[in-house]
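The block underneath contains the structure these notes are about, expressed in structure tokens.
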Amino acid sequence: MQELKASKEITVRFSEVDSMNIVWHGSYSLYFEDARTAFGEQYGLGYLDIFSQGYYVPLVDLSFNYKQPLLFGNKARVDIVFKNTETAKLIFHYEIHLVDDERLIATGKSTQVFLDRDYRLVWTHPPFYEEWKKKHHLI
Amino acid sequence: MQELKASKEITVRFSEVDSMNIVWHGSYSLYFEDARTAFGEQYGLGYLDIFSQGYYVPLVDLSFNYKQPLLFGNKARVDIVFKNTETAKLIFHYEIHLVDDERLIATGKSTQVFLDRDYRLVWTHPPFYEEWKKKHHLI
Amino acid sequence: MQELKASKEITVRFSEVDSMNIVWHGSYSLYFEDARTAFGEQYGLGYLDIFSQGYYVPLVDLSFNYKQPLLFGNKARVDIVFKNTETAKLIFHYEIHLVDDERLIATGKSTQVFLDRDYRLVWTHPPFYEEWKKKHHLI
Amino acid sequence: MQELKASKEITVRFSEVDSMNIVWHGSYSLYFEDARTAFGEQYGLGYLDIFSQGYYVPLVDLSFNYKQPLLFGNKARVDIVFKNTETAKLIFHYEIHLVDDERLIATGKSTQVFLDRDYRLVWTHPPFYEEWKKKHHLI
């Protein structure tokens, strides 16, 4: 089965660095979101695509494992992998590597669920998502 | 004429401190917004009050003068003063002082305009704002 | 054995709310950090206390479970519990509840390790931390 | 006389958009800082260059004029221009334009001063800055 992947290069901003001269851990939420955005653009599953179909996809789980610090000016690559599942969820795995030497900086996971316009949880694949999965040979 | 004022105490968060060990300048946008929220609550002119009347009040001007640095753990007080004007604008002046010794940390100004639900600029006082001004003896 | 706990009340800022009108998931990093700061102040284990002893305590793991959304203006209480462990780590569990009705908003965990001034991992309890644990009847 | 300019393209992140679906005004601090970083890289006047010479350059003034909103996914270009002055200050002017149609989104200014390692204000051009100016035909 096909594995859907995307990558996003980021450069550490001065404002993302804390008083220990390393990237504040909370900024990794931004990096993962940048990667989800890149994935969405590449495969036609962006926030606005989903929203236009009548759904929200809020995060329900998010986790980070910090291996090495990121410093101001560092260039890093966030790799995102779609984890196929039969439940009506979007599950992504992440790895952040330094561009220079491929050193592993952090890993992580996220899970999103589908809510309809009335913020009710959707238990089965929304039709547009079923289509999307078929198109990408995931079902 | 009456001058409308409010104050908001803030404590510097670790995440707001940059690699020079001082508060990143961009965080002052948060502090001023906290002060506007406190003002809105005290005088019944909060974002949600305004929104429920059918208006948005985006910022069109914002400026900061940084006098002294804020450090992690500092407690500061943001004073906000409503500057009455005949035009359909919300103008606020700000001063941030250390709670400990009243040292002046920063000053600033902001200007907001009224947009209607279709994001069109409103040139005259919206009725609810006219009422609000009368109630507070500003016209 | 004694369980060390602290709590921190937070009010959702306008800037923390995203385009779905709910708190952006990344802002929970701030809330957990606010809780760690409150814990540190209450029990004498703040960032600056630790730093003055010659150590950093960067996060190595951080996870969030989002149960219910937080909205602009919501007041919530972040409860933090110290999880005692024999390894040289700081482990905290978190729960965020709405102040109004005690509804559970989110849970989470974090793990921090000790680094010395040369950023080397410290495998055993630093002396000051050993003292701190004794003082609080954790060993 | 030569005018030193740089440009930085940015893409609006989901986390930078507020509940009115537009970029929160405070995020422009990030965009201007991105532009200063790009300028510093292009002309050898980055934060780290300055710091390695023994100086800090904190902001003392910062102002924004918001003309048009930025939306999620918009691509914009931040243009930054160095404003030469005889005083020991770094003054920059900024313009943000949409990449698509060159629409003007915002303008702004910033002023930075030089502090030495003891955080004392430096009233005359630091030697390295004098050199930098000569190299770029600014004096």
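Each chain carries a letter (A, B, C and D) given by its place in the written order, and its residues are counted from 1.
Convention: a residue touches a chain if its C-beta (ideal position, glycine included) is under 8 Å from a C-beta of that chain, and two chains touch if they have at least 3 such contacts.
The model shown is predicted, which means the values in this text are computed figures rather than measured ones.
Engineer: How far, in degrees, do you have to turn chain A to put its CA atoms on top of chain B, rounded to the nearest 5?
Structural biologist: Rounded to 5 degrees, the superposing rotation is 180 degrees.
Engineer: Report the chain whose CA-based centre is farthest from the CA-based centre of chain A.
Structural biologist: That would be chain B.
Engineer: Between chain A and chain B, what is the gap in Å from one C-alpha centre to the other?
Structural biologist: Once rounded, the distance between the two centres reads 34 Å.
Engineer: Based only on mean CA positions, could you tell me how far chain B sits from chain D in angstrom?
Structural biologist: Those two chain centres are 24 Å apart.
Engineer: Counting in whole Å, what is the centre-to-centre distance of chain A and chain D, each centre being its mean C-alpha position?
Structural biologist: 30
Engineer: Send over the residues of chain B in touch with two or more other chains.
Structural biologist: In chain B, the residues touching two or more other chains are 14-15, 20, 26, 29-30, 33, 72.
Engineer: In the complex formed with chain C, which residues of chain B make contact?
Structural biologist: Residue positions touching the partner: 13-15, 29-30, 33-34, 37, 46-48, 72-73.
Engineer: Taking the complex as given, what residues does chain A use to touch chain C?
Structural biologist: Residue positions touching the partner: 20, 22, 25-26, 29-30, 33, 56, 58-67, 69, 119.
Engineer: Can you list the chain D residues touching chain C in their complex?
Structural biologist: Its residues touching chain C are 14-15, 17-21, 24, 26, 72.
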